[in-house]
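This report concerns only the one structure given below.
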Amino acid sequence: MRRSLQIVLAAIALSIVLPLFMSLYMLRLLILTYMFVILAISWNVIGGYAKYLSLGQTVFLGITAYTSTMLFVYLGITPWLGMFVGILMSVAIAAVIGFLTFKLRDAFFALTSIAIIQVFRLLALYFKSYTGGARGIILQPRNDPINFMFLDILPYYYISLGFLVFSILLAYFLDKGKLGYYLKAIGDDELACEAIGINTLKYKIYAFMLSALIAAPVGTLYAQYIMYVTPDGVFSFPHSIKVAVMAIIGGSGTLLGPIIGASILIPLEQILTVYFSGVYGLNLVIYGVLLILVMRVIPGGIIEPLENFVKGMIKNMDAGVRETSGESLKEEKEVGG
Amino acid sequence: MKLEIRNLSVEIGELTLLKDINLTVSEGEVVGVVGPNGAGKSTLLKAIMGLINVSSGEIMYNDKKINGLPTYERVELGLALVPEGRHIFPNLTVRENLLLGAYVIRKDKKKVEERIEFVLDLFPWMRERLNQLGGNLSGGQQQMLAIARALMSNPKLLLLDEPSAGLAPIIVSDVYKVISTLKNEVGISMLLVDQNVKKTLEVSDRAYVLERGRLVLEGRPEELYKEDIVRAYMGVKV
Amino acid sequence: MVDVNLAQAIVNGLMLGGIYMALAVGLNVIFGVVKIVNFAQGEFLMLSMYSVYWLYALIYLDPILSIVLNIPISIFVGWVTFKYLVKDVVEKGDYVHIALTLGVSFMFIGLAQIFWKPIYRGIPTEYATWAISLGGVNIGVTQLLILLYGLFSAIILSIFFRWTDTGRAMRAVSQDVMASMLMGVNITKMYTLAWIIGILVTSLAGNFLATFYYIHPNVGQDIFLYAWFVVVFGGLGSHIGAVIGSIILGIVQSVATMYISADLSLVIVFLVFILLLLFRPEGLLGREVRK
Amino acid sequence: MMTDILNVRGITKRFGGLVALNKVTMDVHEGEILGLMGPNGSGKTTLVNVISGIYKADSGQVIYMGRDVTNLPPHKRVELGIARTFQTPRPFNSLTVLENVMMPILHFGHEPDVRGTAYKLLEFVGLEKYAESPIGKLNLAMRKKLDLARALGTKPKILMIDEIAAGLSEGEVNDMANLLMSIRDSGVTLLVIEHVIFFLRKLCDRVVVLDEGVKIAEGDVEEVIRMQEVISAYIGEVIE
């Protein structure tokens, strides 16, 4: 336990200090990765724990992005505030969607989730006079911290880091807390849940609201960072699928799985685009092949073999330490477990 | 036709369903297996058909080991099972259910028609209902259909799993009339598993009593004492 | 008097429904028998359209005539994908099916993008512009062909399922796997066959679609979402449901396009779909799927 | 004077054309162990599903402690104190043994020390050694005990137990019977569905016998299992 706390603190310190020495490219890559990690964590709440395969998860990103941006452009309300309005909207809409669709299962639910994100995308396209239609809403770059706008990239980096830490904390408390238990149980066996008195619909809706809460802030961050919002960019079916795939490849239904999945796949995708810039489509092939492999070989995701590997390493390290310092067996058990 | 089971055991995980079963069915013979629920009767029939994996032992059919064969090959060899709970195809018509029963002889259209006539003679009421959906038949009719369907492939050995389960007494008598006809007039070999001890013993040439996965008694029906059987079922002397 | 515009909208909707129908029928066979929700079905259509395209571009073979070559190609593709990708996961849950077939879909789209670039291609056929005029209502010949193909495949499959031993055995498998085994049916063989038929029916729709539609690595995704809604709407596994569902959704979309807006027409289709699902989750003609 | 904890009034349940339960009426007295017996397909599990709310009866009422609960959803009934276990145990596989038992305790929140209470329940059923183990480590008998412990976590007043002896060895069955008696001694009324008869004889104060959805006998165990109707329900017909 102490060791993992040390690792976490070290990681946070590194992610605060290192960017000061990084190239612009690296920073952009990190911001992108952080955003996708957050989205994958958000997906995991409903798709990983409760096993409801949502394929329209970025709908909450889109709702918040449009809300805060429109409030800013038309009413001059700072996106900092608009973000909270957007989050509230996302969470409320999650509750409504959840109430309507959680009676459906499996493919029905998956398809409906696709339908919902398409509806939002098409609505954003249709109400051109407010949303700018397909061209979207474009912001003019300027340095205006009060309105969530920076010319330098570092502020965006630290904000996304903040959001990331926030979402990991939420995921951590979910995983260790009551709701996490409920969702894992719902994912295992809904009938058995009803039999011990759990109103499963209620907790699925809570979970969807939490999942919206985690994804929503990314909407405003994305809009302010990219400086424009388009229907295809934020209500994106391909991105939604990618988010689900990252979490599944990393290990769905676990705390670390989505983080690992997104942290591997986004940089991998970027590296591939650099080295094979001409080969458009390669990243899709990689996603596809990985997904097939994971489903056929390690349905639990990369985290399964990784966890065993790390556990083995720690054991070996501790064995080495014990030989020299004669530590007790008890400690090893604590670390291993 | 000869079925010989040697030292058959079936285990699933830590659960032993059958242990060291030795059993034979000879040509033209009707063999009954009785025993309370959970004794392993259905498991035995499923193992013979290859619906469940055998842990050890041998299933010999006509002196050939059939343990590893897939179910459809066992059907091709001449085995047929009327499963517990009937399992007729509810959304197929009666005729279609019968045609599926003839799946392994489907290439021989003349033979199929012959078999249809054969089972319709056995179950005359079915003639008028050939185009009804199987799911719309009553429980007793479904049971008859399940038997008729199994007979379509002209099996050498018919396995029957709980043919009387869930049926009213009068229907049970009808089912057993059919089984007697099959025995006396058609001469087909049968392995019959049922909770209905009296009916089973009446129709069997030989019988086994199965209790908790083990064969505890074997003999001709008149050699099996009523007391022993009731004790096996109810745990009390009556 | 029926307004000519409305009549045209309905006819257009019928044609649109024809496209959906052709694809929905293939999806349905696979779902009905193998019980797999194939999220990669659209990519099989896409691959087929490319093979039609290349047969045209390289040896100048007419898209309709190339059906003859497309049949063995599609059967082979179906067989290989089932054997090496799908077979081992048939017994697994829906979650695995969806994720695995999504993976297959990505892989194919990616490969198409790598090999053929994300550019829009088309096959300039002479008959693409032919139309029949009926009292002011125009019917495109190529669209009519795909509608006919959709109806034709639905009918042929219904006949196959109703009147042949193999078709009957497949229906039996879809109702009760254990009992089908007891009838002597080789289940794996039936799954393989159903998968191949599903892929074949969808692939051949590509021959017709390629006569007037664009060819692009994403074409399957764009169309298939709607085909899926049709299938779910009509009732998973029901051929008549797929036919009726595709016609209804096609007409709703087309009429809404004419009277409201092209963008909102899809929103309306979605809303109709979602409403139906909420009140009749098994679809119009589907049977209740118990889990 | 005995009070009833549960009254089942004229319950009928049909599936398509099949009548699974036909006007079944029975009372469960507070603090007793009532056996519900009958051959396969006689409607025992259906009755439990109707009482627990998983099935909706076509007609009839379920009265629990004087209150009509016929139209309540399953989780509400659990809240009131009606719990059940399943024929095949249904543990939550992604949770540990202890976490499985913690679920209902967490949910109802009537205990400050969730972990401790769950652990005590595990001790009660004899699984404390496996508290931190994954479900895969448990054998069938243990999984059944886990199901019991989890159901007890809902603080039931009446617990319905579906075929807990099926598939267990003789030693395990005895062990299970003792466990059920200590559950009853802790103040929980038990409705025990079973067709292993020696288990019922060991355990029950009274039994109700169902056959083809109809109640055919009720009363003292030793008397009931010697009744001709009951024997013939079990073994078909009486052998002369």
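Here the chain labels run A, B, C and D in written order, and each chain numbers its own residues starting at 1.
One rule holds in what follows: a contact is a pair of C-beta atoms (placed from the backbone, for glycine too) under 8 Å apart; a residue touches a chain by one contact, two chains touch by 3 or more.
Every value quoted in this text rests on a predicted model; they were computed, and no experiment measured them.
Novice: Using the touch definition from the top, how many steps at minimum link chain A to chain B?
Specialist: Shortest path length, in steps: 2.
Novice: Among the chains in this structure, which pair is joined by the largest number of C-beta pairs in contact?
Specialist: Per chain pair, the contact count peaks at A-C.
Novice: Report the inter-chain centroid distance for chain C and chain D in whole angstrom, where each centroid is the mean of the CA atoms.
Specialist: Centre separation, chain C to chain D: 49 Å.
Novice: Taking the mean of the CA coordinates per chain, how far is chain B from chain C in Å?
Specialist: Centre separation, chain B to chain C: 43 Å.
Novice: Calculate how many whole Å lie between the centre of chain A and the centre of chain C, each centre taken as the average of the chain's C-alpha atoms.
Specialist: 33
Novice: Listing for chain B: what residues touch at least two other chains?
Specialist: Expected reply: no residues.
Novice: Two or more other chains touching the same residue: where does that happen in chain A?
Specialist: Nothing qualifies.
Novice: Can you list every residue of chain C that touches 2 or more other chains, as numbers and ranges?
Specialist: Counting only residues that touch two or more other chains, chain C contributes none.
Novice: For this assembly, give the contact graph shape among line, ring, star, complete and other.
Specialist: Chain contacts: single closed ring, each chain with exactly two partners.
Novice: Every pair of chains that touch: which are they?
Specialist: By the stated definition, chains touch in these pairs: A-C, A-D, B-C, B-D.
Novice: Over in the complex, which chain A residues touch chain C? Could you list them?
Specialist: Touch residues, chain A against chain C: 51, 53, 100-101, 103-108, 110-112, 114-116, 118-119, 122-123, 125-126, 241, 245, 248, 279-292, 294-296, 299.
Novice: If you look only at chain B, which of its residues touch chain C in the complex?
Specialist: Touch list, chain B to chain C: 49, 51, 70-72, 75-76, 80-81, 83, 87-92, 96, 99-101, 103-104, 106, 149-150, 153.
Novice: Tell me, which parts of chain D touch chain B in their complex?
Specialist: 16-18, 39-41, 139-140, 166-167, 170, 195-198, 201, 212, 222, 225-226, 231, 234-239
Novice: How about chain D: which of its residues touch chain A in the complex?
Specialist: Those residues of chain D that touch chain A are 52, 54, 73-75, 78-79, 83-84, 86, 90-95, 99, 102-104, 106-108, 132, 150-151, 153-154.
Novice: Considering only the defined contacts, which chain A positions touch chain D in the complex?
Specialist: The touching residues are 178, 181-182, 184-185, 187-189, 191-200, 253, 337.
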